[in-house]
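Presented below are the structures under discussion, each in the form of structure tokens.
Each of the two complexes below includes chain A, the first together with chain B, the second together with chain C.
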Partner chain A sequence: MRHFLFAAALTCLPALAIAQADDHVITDTVEQHILPRFKTLADTSQTLAATAQTDCAASSAPLRAAYSDAFDAWVAASHLRFGPTEVEDRAFALAFWPDSRGATPKSLSALIQAQDPIALDAQEYSQVTIAARGFYALEFLLYDDDLNTAGDAAYHCTLVKTVTADIAATSAAILQDWQTDYAGRMMDADTSDTYRSKDEVRQELFKSLTAGLQFTAETRLGRPLGTYDRPRATRAEARRAGRSERHVILSLQSTKDMAIHLAGSDTALAQRAAHEFDTALAQLAELDDPDFSGVDTPASRLKLEVIQQSVEAIRTLALQEIGPKLGVASGFNALDGD
Partner chain B sequence: MQNGRRSFLGGVLAAGLIPKPTWADAGAPAYLAAAATPDGSYVLCGIGDDFNIVFELPLPARGHAAAAHPIRPEAVAFARRPGTFALVIDCVSGQIKAQLHSPEGRHFYGHGAFSQDGNWLLTTENDYEAGRGRIGVWDAAQNYKRVGEFDSGGIGPHEIKRLPASDTFVVANGGIDTHPDSGRTKLNIPTMRPNLAYFKEGEIVETATIPQDMHKNSIRHIAVSAAGSVAFGMQWQGDGHPTALVGQHQLGGDVVFAQTPENALRDMEGYIGSIAYAADGKTIAVTSPRGGKVHTYDAQKMTLRDVSDLRDVCGIAPRPQGFALTAGSGDMGYLLGKRQQLNADPQHQWDNHLVAL
Partner chain C sequence: MKQLQLLTTVAAVAFASPAFAVEKTDVLANYANIAAAKYEDSVITAQRLQTAVAALVATPSAENLTAARHAWIAARVPYQQSEVYRFGNPIVDDWEGKVNAWPLDEGLIDYVDASYGGPSDENEFAALNVVANKTFTLSGTEIDATKITPEFLSETLHEADGVEANVATGYHAIEFLLWGQDLNGHNPGAGNRPWTDYAADATCTNDNCDRRGDYLQAVTDLLVSDLEFMAAQWADDGAARVELTADTDAGLAAILTGMGSLSYGEQAGERMRLGLMLNDSEEEHDCFSDNTHNSHYYDGLGIQSAYLGEYVRVDGTLVSGASLSDMVADTDPALDQEMQAKLSATMMALGRIKTAAEAGFAYDQMLERGNAGGEALVMGGVNGLIDQTRSIERVVTTLGLDQIAFEGSDSLDDPNAVFQ
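Our next item is the complex of A and B:
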């Protein structure tokens, strides 16, 4: 009897150790991955709005630098699509993309042509169509050859100030909700009604990892790739600002950090995941195609296709190895979404 | 009797006609289902009511659902969204009789339905440059020639069914805008408005909507009872949890949502993959592959009756008693109350729908 219990205790030990170690997965991911990203987003967005107040010219170097920093911060957080980012469609208000039918330039043109007074006030501006808000709308106002000089200069300046102030307000609201409410809901899952268990929290985190990878593969890379016969360079994300490649790099760096957190105590798995990410990042480092206009030439296109396959390989590893560890159903139909 | 039969046959022979096969002919399957195979290829299977595979046809890409011809043993199998092909299959021989290709600027959503006389096939399609749902019309007599189309009454039309003994169709407009240039990325979640649209001769006769605070609940799959009730399953696109995932509606009536205890509702992970009425119309069954659950509801009271577990369950269809089930794990069999009788099939990962013929 004693022997039996001893053996049982021994065999249970590794499982217990993993369970204890992985208790930290949620806390570590929230405190080390999520909160710092939304803090950076709020801070850089605040700086962007402040910069625009003093320097609203589309060609202004300080404004463009502040825009780049804040947009970087958004891309690094863009896979974290649950809770505070989804309240009042805040994430969409920061990032309305892809825009398959050109709603962003259309709605900005309409505002500028009409000199719509709604752009005089950031609070009011939160009522306009989300296509005219956020980082992608601001890209048109700063970098589009037509829209960056369109209309009355004073109105254009006001619009830049208002769009940046709206971005700052949205980012600040997301951070506040995370800090005062949602971080606690995730870390004390058992006492919140948002999640019924730690398992549900881990699943939420995991889903945001795989959805982020899918978005990068299908949309950030897939849109400009189009088909071999018909590549679509003009569909690349933020190509006017020359940020297409940068966004893929930033999103992979950020999801890599998250994947390592989610692998938790399984250091071998964390290493395998990191290796897959590093493969894709090394391929990107050699690409040198900031706006993905290279999709029009076969050699450069091939490189981008290989990168897309590498991102899909990361997602496959996540689905097959990280998901089951976190108790996420990854069946044929569970992943279908149709 | 003898004379009558002889003279009937004589007439047929005199006219040079051989009676055409019907669904009642031996060998016709009871169900159709698409599947993935271990080598990564996709197939469509005819399945007998004893769950034996009657035929297996290769598909050029992943399938989704199928529409059964109301008279002839013929069915049309559709590609998964945003696919552009559909195959017309002779369900006795298992041979392909015709192929459909969606017109330029359209793709299929994976579902279709026949008119009462079987002369017309209607398909749900995306006019993706306009971001509008369309219903394509195909002439079965002309080898499924495309003859027209009309607006679906919404965005993202998914499943379409015909109401019994009529040529009134009901379409689940899921509300989600997608464009093939962005894969399956959802483009309009903040503004999506799903609905159920009823059509007669290409004109909307009624549109049923859900409350604004549920507008992110995509109405995706529908089932129709012999009495003409429409049960629908939804897929939640918002944050947090939906208040319902199943509803019922009838022409001229109000939408009624199923009452599901909170924990059971949350176990469905915001996602209904398929829905079916029982043969007697008294029970509605829905599957959630994400939750690995089957729920059955009392169709009269719209209350939860039974919960049953099955990993990656998705396809569901009525049997004379209970329901037939398929799962992505390869499991296939029946559900009677809470009791499951399943066979594991390692050669087939059963895809989304099990279509009763």
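Our next item is the complex of A and C:
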């Protein structure tokens, strides 16, 4: 019995020390990392919707530029999958990918062929399958060789306007929830039922870091890599818009910022984490394979494999050092299934 | 200050830990006993299915097809309850794809409706139809499928071309062979394969009835032998039991990992919420048989069973013993009550889906765009599962297992492994 008590005391010690030393980690991460990202997402999505109102042609340069900015903003926030993004179908409605059964082109074709009147109204459109909503559906409408010109031109234009308006409404709703409610829940953990302690908040933040890195390694990189004998270039993320490599870079830049915030006052740990991220980002700077079609050639494929290993190394560092530093485990995430 | 807090913590721990603490090894033993019972029940019910399938192929008739379908539905009851063993135990997870892989491109196996489409970007073999084709080319090699044997299915056809949707074996392949495609969309009704798809002579419909019968028998035989393998892993000296009990804390973490991963990422996310958000009736776990409501229900029951340490076998006997619930009640009774209440709330929500479906409101209908009642039913289950996951995480922390959960992963055991 005495032995058990001694062990318990030892286990409790580091957690207590952390709680006192690094209280500002939560506030800093919420105010400096999370809120600005959802603000940018809401602003750029609003610009995208406004641009589409005046310029809905798939080939329009201003529309494509506005799309790129808003999609960038989503990718930079895409690891923050908890709270306001999970209300209703928000995050899924912004970003349904991967789509292993081809639901996005199938659903869009069906809408266009039927000239389904649900596309006339952005509010109504929120009932449509998530496969026909958000940034990945818009990619097909703007960049897919068949779907960007499919069907009646006026209907296609309406669809582009509606999909962008739906994106703007969803992004605005996420931001509003963060600003008016959820930031407070995280920063005043002990009084909200969502989080019973600061440890639970720290765990939520830590989980989103590790799950974000896992998604980039396993899905953004792992899907096109396939196996050596059977690479899968057509599974690369947003390859039609040539954004596959860009998304890996953006997600690493964003999770790097988060990792540094979570390291808090431990500047040595923050530096080690930054170094690991910079290694991967330097490798990406030399890659020059925007849509990852290089997975088909051995030399280029090897580079991508090395980048994937670098991202795994970052995740290992997060699990081994940042988690224990915060006194929390990685918990369960949406990628736990198969 | 730190000293004082520390003392308080020690005092609290001392107060909360009675002298008759539950033995961790007893909890693990009971968990393993229940696994053995669940897989044994899965074998027993799969053998009944095997008998029914043999009767259907030997004497094709509407009655024999119906009997085989009933046997399949019964066989799912114990198996789905065993799914909670999957994510925490690598031996189970590595094997699971043989018996319960899903979703599948069923055109690999047999004829499909024209609306199904042909080969896709993702899968060249989505419409292979091995029942109709005795030879085909796979990655440049000519494949002889003249004889459809368990070995051919498991070693050649299953996951052909490295595509997971090429499911050639397991419950869902059998389900497709018994029911056929569900072409009712969001309307009620399951697949409607005619029994004459197995008829021997001129009454044979959709061609190749003999090969279809061969496939059905081979895939059912394979299911039985695969389940027998897993039942053996949980017997007294079975590998899964040995691995589970090698390190008690890691073993307890495995129980909770199985509960949390099945609740959140797999069931709430992949199997329930995704289908709802896609409004896609093919995103049903048991889409051919329209048995999805039961599939979800028994998965949930398995999660509850892992926490309470109780399981009712298919012959009605109860297997029970020391449980995680007992351990948590010792250290934090309020958390034990919270966990139990949330598991019960989930079962109530999943029960609502089941009762509505059994009364005629099919799971397909619940997924339809704009069907508010269906959405509320399915989201009730999803929310319950997500909510219970938070409590599972609290249990992990309370039992002091939080640094265990990821210590067993390969990349952490040997960080350099990722660079090799």
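The rule is simple: the second predicted complex is superposed on the first by the 308 of 338 C-alpha atoms of A that agree within 3 Å, B and C clash if a C-alpha of one lies under 4 Å from a C-alpha of the other, contacts with A are read in each partner's own complex, and residues count from 1 in each chain.
Basically, a residue touches a chain if its C-beta (ideal position, glycine included) is under 8 Å from a C-beta of that chain, and two chains touch if they have at least 3 such contacts.
Note that the structure is a prediction, hence the values are computed from the model and not measured.
In the superposition on chain A, A:E218 contacts chain B only, with no contact to chain C. In the overlay built on the shared chain, the residue A:D199 is in contact with chain C alone; chain B does not reach it. Of the two partner chains placed by the overlay, only chain C lies in contact with A:Q127; chain B stays clear of it. In the superposition on chain A, contact of A:P324 is made with chain C only, not with chain B. Of the two partner chains, neither chain B nor chain C is touched by A:D296. Counting the residues of chain A that each partner touches, chain B and chain C differ, and the larger count belongs to C. Of the two partner chains placed around the shared chain by superposition, chain B is the only one that A:V87 touches, whereas chain C remains out of contact. Contact with chain C, but none with chain B, is seen for A:T316 once the two complexes are overlaid on the shared chain. In the superposed pair of complexes, A:G102 makes contact with chain C only, with no contact to chain B. On chain A, the surface patch touched by chain B in one complex and by chain C in the other comprises residues 89, 92, 100-101, 130, 196, 226, 235, 329, 331-334, 336-338. Within the complex formed with chain A, the chain C residues making contact are 2, 5-6, 9-10, 13-14, 17, 19, 87, 103, 120-122, 139, 161-162, 165, 260-267, 269-271, 273, 277-280, 282, 369-370, 389, 392-394, 396-397, 400, 402-403, 405-406, 411-412, 415, 418-419. By the touch criterion stated above, chain A contacts chain C in their complex at residues 1, 4-5, 8-9, 11-13, 16-17, 20, 89, 92-93, 96, 100-103, 127-131, 196, 199, 203, 226-227, 229-230, 234-235, 309, 312-313, 315-316, 319-320, 324, 328-338. By the touch criterion stated above, chain A contacts chain B in their complex at residues 82-83, 86-87, 89, 92, 98-101, 130, 194, 196, 215, 218-219, 222-223, 226, 232, 235, 329, 331-334, 336-338. If you check the complex, the residues on chain B that touch chain A are 36, 64, 80-81, 110, 128-129, 131, 158, 179, 181-185, 187, 189-190, 220, 235, 238-240, 263, 266, 269, 271, 273, 289-292, 311-314, 327-329, 349-352.
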